[in-house]
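You will see two complexes here that share chain A, one where it goes with chain B and one where it goes with chain C.
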Partner chain A sequence: MTFDSNAFLIIFTGSLIAISCGFLGVFMMLRKMSMTGDAISHAVLPGIVIGYFVSGSQRSLEVIIGAGLLGILATLMIDWLRKKARVQLDASIGITFTLLFAIGIILINLLAYKVDLDQECVLYGEIAYLPIDSWITKSGLNLGPRITWLAGLNFFFVIGFIYLLFKELVLTSFDENFSSVMGIPSKGVNLALMSIVSYTTVSSFESVGAILVVALLVVPPATAFLWTKSLIPLLKLTAAIGISISVLGYYLAYWIDSSIAGMMVTVAGAFFGISVLIHGKKPAWFRGTSPANQPFGV
Partner chain B sequence: MEDFIYFFTFQDPSIVWVVLGITLLGIGSAYVGTFSFLDKKALLGDAISHAVLPGICLGFMLAGEKNPVYIVTGAFVSGGVATFLSSWLKRNTKLSEDTIIATILSVFFGFGIVLLTSLQKSGNPEIAGLNSFIFGNAIGISESDLMLYGGLSLVIIIVLTLMLKEFRLMVFDPEYGKAIGFPMKAISFLFNVLMILAVVIGIQAIGVVLMAALLITPGAAARFWTDQLNPLLILAAVFSVLSGILGTYVSFVLPQMPTGPWVVVFLSMFALISFLISPKSGIISRYFSRKKYLRKTHRDHLMKALYKAKEGGKNGLPIEEIYELYPYQKAETNKSIKYLYRSKYIVKNQAIICLTEKGISDAMRIVRLHRLWELYLNESMNIAPDHVHDSAEQLEHLITPELEALLEKRLNYPTLDPHQETIPRENHDLR
Partner chain C sequence: MITQVENPILEIHDLTVSYDQNPVLWNVDLSLPGGKLVGILGPNGAGKSTLIKAIMGLIAPTSGYVKVFDKPLNEVRSRISYVPQRESVDWNFPASVLDVVMMGTYGKLGLFRRPGKKEKDIALKSLEQVGMSGFVKRQISELSGGQQQRVFIARALAQEADLYLMDEPFAGVDMSTETAIFQLLQEMTAAGKTVIVVHHDIHSAMNFFDWLIMLNLHLVASGPKELVMNEELLRKTYGGKLNLLTRVTDMIRQKDFNPLKS
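And then the complex of A and B:
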């Protein structure tokens, strides 16, 4: 097989995104906030649209700021509904993200003639066009695909964030009370995590789409969690899964000519399924006859 | 305005159809959603609504066109697989429920996207219709589709109404239901079937992503107005139907607007308004009742201070001394004094504030409750005398006359509290 630079770029970018999402997803999962990640990835939509409208470009700082703000807003709104209005957690998540997403779609339709923002692009993204979309400086120097740069930057942000706040993240994830006794502002750490999740969502939405970001946030950590319980192996395994789903996802999508992002998620789902079959509880007929620990069926 | 009259007088038969359809659909999903909300499974609906996408695409592939029967069947099957998998994973892995739901949701949706992209690249011209499943388009539903979807909604509504008792048991006390001989497993299976059906129908009008709102929000909003199941279901259905009609109206007036998002916006408005103004558990009413309670406790504490001064032999307290008791609360203290003065609990006697007869009797009750509770904690709970004050400070405002009588009886009408202070009674004479 000859070296295909486009394939390499796509797989490389996909891996960067999958690893950044997976690392954040590990902490989200440990905090039992996987669905909050889902909510944030939907809720950033109005922020993206407004940022796009203000700046007139998909790659501007305004888009990232807008989406980051909306992500934090969604977190705060879920918290407010749960604590102040005393709505149960799952319902507050459901209400928040549907409302914000609906507002986002309405804004897209309202500004449709001014903003060239395709709602399907926001939802599914398309990583296949990545090599065409190059970042060319004013002097005409071609620095390679823009999205790869974006994903790389985001990757270093996420790694830096986790490296710097590792102790705080671990403590607040496992024992919130103890961490507040230690003087760690658990609310602040939480908000920081949420904002970096929203930032990751924004910087990935062009390539994988708002909904598939959720898959990258949730599925690799969940798969890794079936194999190990300690944190560092969990992170390593998540990264390994992230890279393998990018490779397999790309070639499978190439083979049947379909969406790369969708195929990455499908491969992740297959990994998850296999892990469950290996590590889940086996059905009774599979284990063979077990020693009768309950005599007479009592 | 003309549009408004044209729409709401239902002159146009197609509007009648659409409104009828969205009404049935709204009632059906609000019913199902309220039950799943009460069952604390609100997000399962979200997972199902994302998970039907591969089924829709497969149905389309098999039929080769946008045939509603194939599509509904495909959606139903893949929704069913997702529901089954989520409960199977919950039983067989150590993953938490939200992780499982998020996993199923995103994997099914991702697979759906793979199929959808393949379909789009196949160049079938009918494919454009599939997009309406993702964003929903109530106005665009044809009459024959409406017959199918409306009929299915009607089935959901009828089954839920006829088996209300069984579903009530499932939500509130499945163990009891099992004990009195109801097949609870079959009932929750039937409920899952209805829920998937409701999602499959609903996404036609509102789209995959926003379907969760149609299930969750009406129930959550209605929950703030009532504690009873039947009014809850009716109110949820009313919210859902109203927002459905309003949303359809908006997309009728502004044709570039999709229906689904507007329905969700109206639903969320109903919900947020309910959270704020509901008389029982709304945020505003809770804020005011808390404020009222805090004022009452402040007044009680003030009267207690005056009573203690009287116990100490002083006639009353000068106002400066009262301010010093509650530092940084001068405005609050002034308010309390004004209130007590108006209701004739206290009088002002040359810059000294003292209790009236009525005030003494009330203050005495508060002090008595405080000291009785301290004694009770000390004697019956073996809590050290220097640890009982804080609890008594809270409870003195809450103890009812019945509880007071019980405490008196239990403690055998004591005279002294753990700090050797007199427990005052009505005939008690202040030295």
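And then the complex of A and C:
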């Protein structure tokens, strides 16, 4: 088989996005906030529209800032509804993201004559067009696909963020009260995580879209969590699953000539289903017995 | 029966806490001396947990203030440690016993810095103190209730604080472990630390605590055990629960519990 640079670029970009989303998804899952990722991915729509309206371009910094701010706003709203208005978490997520998404749709319609944008741009992406959308500098230098650069930048942000705040993320995920008592700003850590989730969601829109990005946030971490109960292996396994679904997703989509992002998520779902089945059937002897408890010496 | 002290390590002034306009603690005003093992007693719903959460600033009070080491809370956070109720976290979290105990050292480490050898040694020593040395690598999801509780106490120890607040640390812990932990707490107070424990077993409270706070929405009593452990104050604290109270007074009689003698 000859080296297909387009295939490589698509798989490479897909892996970068899947790993970024997966790593963030691990922490979202541990905080029982996986669906907050869903909320954020939809709630950023008004931010994108406003950013687009201000800058006149779908690919500007304003769009990312607008989306990021709306992502944070959505997080704050969910938190406020839950703590102050005493609404259940799932209901407050439902209220927040549908409301913000609806405002986004109204804004698109109001600004329709000025903005070349519709909901579809946000909800669905297509990674297959990536090789024909190159980043060309003013001097005419072709630097390669723009989306790959975006995904790479995002990947480094996510890795850097998790590396720097690893212990804070773990502690606030496990026991928020304890971290507040010690003076670690759990609210700040939470908002930082939500901002980077918003940013990741927005930067992945063009390639996979808002709906499938949620799957990448939720499914690989959930699958990995079936196999391991410690954090570092969990992150590694999530990354491995991210890469596998990109490779398999690409070739399966190529084979039946369908959407790559859709196939990636389908493969992820299949991985999850297989893991559940195998794990449910794993016999007790396979797991071994636990060593005898040591009595507590008084 | 409220004993106020000079140079208190913890001063609570006129504290009122409410949830949704319903006050759950009224005008609590007390001060505690340092180096004591302090028990908070009271029936269910008396506001015991609420009181320690308010002390740590986890719940904003409606009125009043709390001063720890004669300073506002935010200046002394690294000197305060907390043992939350076991049910407050998800024990399926992917972490080992050592990981959780190491968390106690994070407050002193500060932002961006990683725990190293020194923090690991502190954590191992803390685990040894609660008798969990054999479980260092164990995943926390595989622990029993009593073991989880001991991991939480070890995590608080690893923080090397001066004031410890513990919310029902003996729930689901067997008798021998309870005694061993009480001994550990007594060693800590002998070393000058202050330990405040929310507790519901009056029997062991009589044996181990130096100072008792009795609470039932209002502050009923706060003072040295010898002064406050009597039938009248217990009756005031536990209200009409006569059955329980008769048993307790029986117990006091049987044990020939004479506060003045000890």
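As a working rule, the second predicted complex is superposed on the first by the 279 of 298 C-alpha atoms of A that agree within 3 Å, B and C clash if a C-alpha of one lies under 4 Å from a C-alpha of the other, contacts with A are read in each partner's own complex, and residues count from 1 in each chain.
Note that contacts are C-beta pairs under 8 Å (C-beta built on N, C-alpha and C of every residue); 3 or more make two chains touch, one makes a residue touch a chain.
Just so you know, these numbers come straight off a predicted model, no measurement behind them.
Superposition model on chain A: chain B and chain C are shown in a clashing arrangement.
In the superposition on chain A, A:103 makes contact with chain B only, while chain C stays out of contact range. Of the two partner chains, both chain B and chain C are touched by A:225. In the superposition on chain A, A:32 contacts both chain B and chain C.
Residue contacts after overlaying the shared chain place A:159 against neither chain B nor chain C. Once the two complexes are overlaid on the shared chain, A:184 sits against chain C while remaining clear of chain B.
Of the two partner chains, neither chain B nor chain C is touched by A:274.
By the touch criterion defined above, A:85 lies against chain B but remains apart from chain C after alignment on the C-alpha atoms of chain A.
Within the superposed three-chain model, A:173 lies in touch with chain C and out of touch with chain B [touch as defined at top].
Counting residues of chain A touched by each partner, chain B versus chain C, the larger count belongs to B. Only one of the stretches 56-64, 92-100, 380-388 or 398-406 belonging to chain B overlaps chain C in the superposed arrangement, and that stretch is 380-388. On chain A, the surface touched by chain B in one complex and the surface touched by chain C in the other have residues 32, 86, 225 in common.
Only residues 30, 32, 86, 164-168, 170-171, 173-175, 177-184, 225, 228-231, 234, 290, 293-294, 296-298 of chain A touch chain C when the two sit together in their complex. Those residues of chain C whose C-beta lies close enough to touch chain A in the complex are 20, 53, 56-58, 74, 77-78, 80-82, 84, 88-90, 92-96, 99-100, 103, 106-107, 109, 111-112, 114-115, 131, 134-135, 139, 141-142, 144, 150, 155, 159, 176-177, 179-180, 183.
Residues 37, 40-43, 45-46, 50, 89, 91-96, 98-103, 105-118, 121, 131, 134-135, 209-210, 212-213, 215-217, 219-220, 256-258, 260-262, 264-265, 268, 271, 275, 281, 283 of chain B are the ones that touch chain A when the two sit in their complex.
The residues of chain A lying in touch with chain B in their complex are 29, 32-35, 37-38, 42, 81, 84-88, 90-91, 93-95, 97-99, 101-103, 105-106, 109-110, 112, 119-120, 123-124, 209, 211-212, 214-215, 217-219, 221-222, 225-226, 253, 256-259, 261-266, 268-269, 272, 276, 279-281.
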